[in-house]
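In this document, chain identifiers A, B, C and D correspond to the written order of the chains, with residue numbering beginning at 1 in each.
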Amino acid sequence: MCRWLAYSGTPVLLDTILYKPTHSLIDQSRFAKLGVETTNGDGFGIGWYTKEAETPALLRDIGPAWNNRNLQELANHVRSPLFFAHIRASTGTAVQQSNCHPFRYGRWMFMHNGAIAAFHLVRRDLLLLVDPALFAGIEGTTDSEVMFYLALTFGLEQDPPAAVARMAGVVERVGRKHGVEFPLQMTLAITEGEHVWAFRYSSERASRSLFYSSRADDVRRLHPDVAFLRDISPETRLIVSEPLDDLPGVWNEVPEDSCKIVGPGVAELRPFAPEPADWWTGDPVNP
Amino acid sequence: MCRWLAYSGTPVLLDTILYKPTHSLIDQSRFAKLGVETTNGDGFGIGWYTKEAETPALLRDIGPAWNNRNLQELANHVRSPLFFAHIRASTGTAVQQSNCHPFRYGRWMFMHNGAIAAFHLVRRDLLLLVDPALFAGIEGTTDSEVMFYLALTFGLEQDPPAAVARMAGVVERVGRKHGVEFPLQMTLAITEGEHVWAFRYSSERASRSLFYSSRADDVRRLHPDVAFLRDISPETRLIVSEPLDDLPGVWNEVPEDSCKIVGPGVAELRPFAPEPADWWTGDPVNP
Amino acid sequence: MCRWLAYSGTPVLLDTILYKPTHSLIDQSRFAKLGVETTNGDGFGIGWYTKEAETPALLRDIGPAWNNRNLQELANHVRSPLFFAHIRASTGTAVQQSNCHPFRYGRWMFMHNGAIAAFHLVRRDLLLLVDPALFAGIEGTTDSEVMFYLALTFGLEQDPPAAVARMAGVVERVGRKHGVEFPLQMTLAITEGEHVWAFRYSSERASRSLFYSSRADDVRRLHPDVAFLRDISPETRLIVSEPLDDLPGVWNEVPEDSCKIVGPGVAELRPFAPEPADWWTGDPVNP
Amino acid sequence: MCRWLAYSGTPVLLDTILYKPTHSLIDQSRFAKLGVETTNGDGFGIGWYTKEAETPALLRDIGPAWNNRNLQELANHVRSPLFFAHIRASTGTAVQQSNCHPFRYGRWMFMHNGAIAAFHLVRRDLLLLVDPALFAGIEGTTDSEVMFYLALTFGLEQDPPAAVARMAGVVERVGRKHGVEFPLQMTLAITEGEHVWAFRYSSERASRSLFYSSRADDVRRLHPDVAFLRDISPETRLIVSEPLDDLPGVWNEVPEDSCKIVGPGVAELRPFAPEPADWWTGDPVNP
């Protein structure tokens, strides 16, 4: 599948987070430990916020992250208070820039690890449920981007957890109508540039791994010798598919069926469940 | 927009047709004379039939054709009796392999120069008209591929001119419902590996250029010194966006509103007109 | 050949310079007016200085600039007081990232439009003249990068005009020993992050075009309505292969055989001539 | 490092060898078992002979083999009696097409797994030893291509084993002059379109894995149910970095310090040793 990382807090040089840790995301691109695939070499993407524009910047490319020089260049020169990074292992859809995460809509970014099962069977029905006014924004062919546009359709900009619950409910409903037992597998990260919402859920209750870092001041007390920790705010957080190192006391598993929210003044762990979409009958007359 | 070339006849080394002519398709990738754009550098593709498989082979890439070494390698080593070649100038959709022509479905290939006007407005409605059983085969995001899948939906494999007429009618109907005055601009090449159907049509009756070569024996009499002409069958034909050279007596314009068909024992020029799609009301209840 | 642009002055969003002008460098990638080639689609590069690192950042890729989304993303989000941009039209060497300009050595950047004539004949002799301690830094196969490493060998970091004069002298000497009448054609931009040195020279005294902008306060008086001009320092300068627009009074030709230097407190135009390299005999015993 | 495969014998669809086996080269691109790296995703190449040209055709690209559609297309449509395939794991040099194996010179192809140790230290000295008349043909920056050009310099076209012995001797001599203990690590495949010469050698006598297949008629007797084996000539051979499957009796290790030669009427295993290059003194006056 894929691996990803979300950073929020004190502005940091991307390199510090992307390349420096022992088991960095770049390391995971070849040697993932907890993923379905050890190799995540089917494209990558980073998205970061700057002072220069409302919308985040994206760098996405179709080769592996581990040998991409432009990624290393940006990591060495860009500092940001909030960024997403994603390495892709395609589950079948084409390796192309428009299929690389994160996806963007205005100020919003979205990235995903997992899959909609039997996507070729349900893709058309799901696309039909995307708000026609949003439809033209879909540029790629992944299940992930359709999930993003469904969440936007269902109110992501107003209430992210509710919109994701509706999206997940629809994906499960449509999948089951097509005979799929476990339609959805997802860990998600979503941001509007200030907060990060991370979700861990799967229809079979066997979700991909997901971790968040402890409060930075607690971690600092445990590891006073780690230079990076000295300069960051207590609220600085990482949410990651796999721990970036094996420092004790740093990484906490996001439980199944839950949503972790971090941001200024916020560090919340909520239960998450899809909102059943019984209203969808699969009848093209009443979609 | 784009430029393309279709070859049918005596098996020939691709290089002879793709690179050797004065104003070859490779030359057109930088210096097109009759196109809307002089530069066609947003990807390319070739598709060719061999004895090894029922389906044609494709080589497609996202860089310009003029500097692509793999294309030159294949051109120097592949001989084929029927091949398509296409150089792309994007009208806005992403530069990615899945958006490069020719497109393929089983034994069929399809390539296009032109555009569906205001495609972002009509894309969803057109996608809905694609046979759901075919829908999962759509891999890219171009108007051209949607045209191909609509034609497949409307019986391309049974009757290409009729299916293309229905497709064109639907594109015009949907476009006009969305307020587009001239919804369709197209020159098309379609093949099943034996015949080539080429279409020239636009809603505004100002279609992109399209030419077909005269019978090879007639051309040979005119130009007895051209080595290539000595070894090819009388039925060998080229259909091209732009003449590949300025040899007199070789190139004939495909008239507006017409369909040229070539193949074993066939060299036909027919009128072409879209089949009006008044049945489409834009009402999602009765699509 | 190529086209390039060097900016120095008030920190500016790259987009303002790279994309916004009527005849921007991106426009020149398809429609160059003064170059040998109208199409410059064989790769591109930008290099820019930030506060985050001593060395400049590079983004280089092998496709055309005009359709590159990562370039547009960076242009929309990166502000810099000094940056280089280059679009390439290969004169035969491979289209690969390591052949894209600008080249970098420590804090230094170098970009080139032109060619060493008959480079395949002289490449080995020129490579032999590169300081062995620097040799391992050569990553690509262009004449341009060899020119950079020769200039470094001859003291670029101490005295750029003198080092470039020695480099040019050597290139001419070696070329002529190999029977090349006009060995060198160059417009060059070089920077250490503070000053920009631009050179215009060719052995045949028919050099590629090169222009520099007038003092920003003078331009502002002429064009009080141009928003961009209101916010930049008097010393802000552009040096470009082609004027970016047709505003009167803005663009001045760099004369043949000269070197333009800009930077804080510096705006100088000097004569330039290669330093004859009669010491090079072509004898491998005394290279 | 890398993994490679050489096929010689009855013309076969490339797919049969490249994709179909359980542990095919494509599988090895992500899950190599015997290599230094499990992931070989830094580019790939295939080279094959056809009836259309004297020189072999090359398809090389910089992404991973496992997701490359053009490679799969060619594998499905190209039949050849002799082909090379290579997947790359860069040992530091740039990921670019000109660094992808196989390399070609006229009718000759060359591919390599291994490395010249401390190549940055010895590169210049080794390049100086390449015949100046051949020098311009070097297009990339790998140690492997320099080894090829050294072998060409030392008579590869006349006597491959002798030329490779001279090349290896020079690499060891130059390396040791620079203080490198174990200068060379190599498994090599070389062909002129009829025979394949494969070498296994390393300065430390701990060479990368290399295997050759038994005579096809012997294998057929062992595995009468394997369809592919029924249709191939007794002399059909594979030489591979790793066995493509675990069929007993098929794969034989090429011993350390040896050269395996296969071709029409030839199946020979010879000892191999570098030819000491004491004549090289490192003195630029007498190179």
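Keep this in mind: a residue touches a chain if its C-beta (ideal position, glycine included) is under 8 Å from a C-beta of that chain, and two chains touch if they have at least 3 such contacts.
Bear in mind that the values here come from a model prediction, so they are computed numbers and not experimental data.
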Set of chains whose contacts include both subunit D and subunit B: A, C
Same-site or different-site touching of subunit A by its copy subunit B, using the half cut: same
Between A-C and A-D, the pair joined by more C-beta contacts: A-C
CA centroid of subunit A to CA centroid of subunit C, Å: 41
Subunit C, residues touching no fewer than two other chains: 97
Arrangement of touching chains [line / ring / star / complete / other]: complete
For the subunit B and subunit A complex, residues of the former touching the latter: 94, 96-98, 120-121, 123-124, 127-128, 132, 135-136, 138-141, 284-285, 287
Of subunit A, residues touching subunit C in the complex: 13, 50, 52-53, 55, 57-61, 69-70, 73-74, 76-79, 97
Subunit B-facing residues of subunit C, complex: 30, 38-39, 41-42, 62-64, 66-67, 90, 95
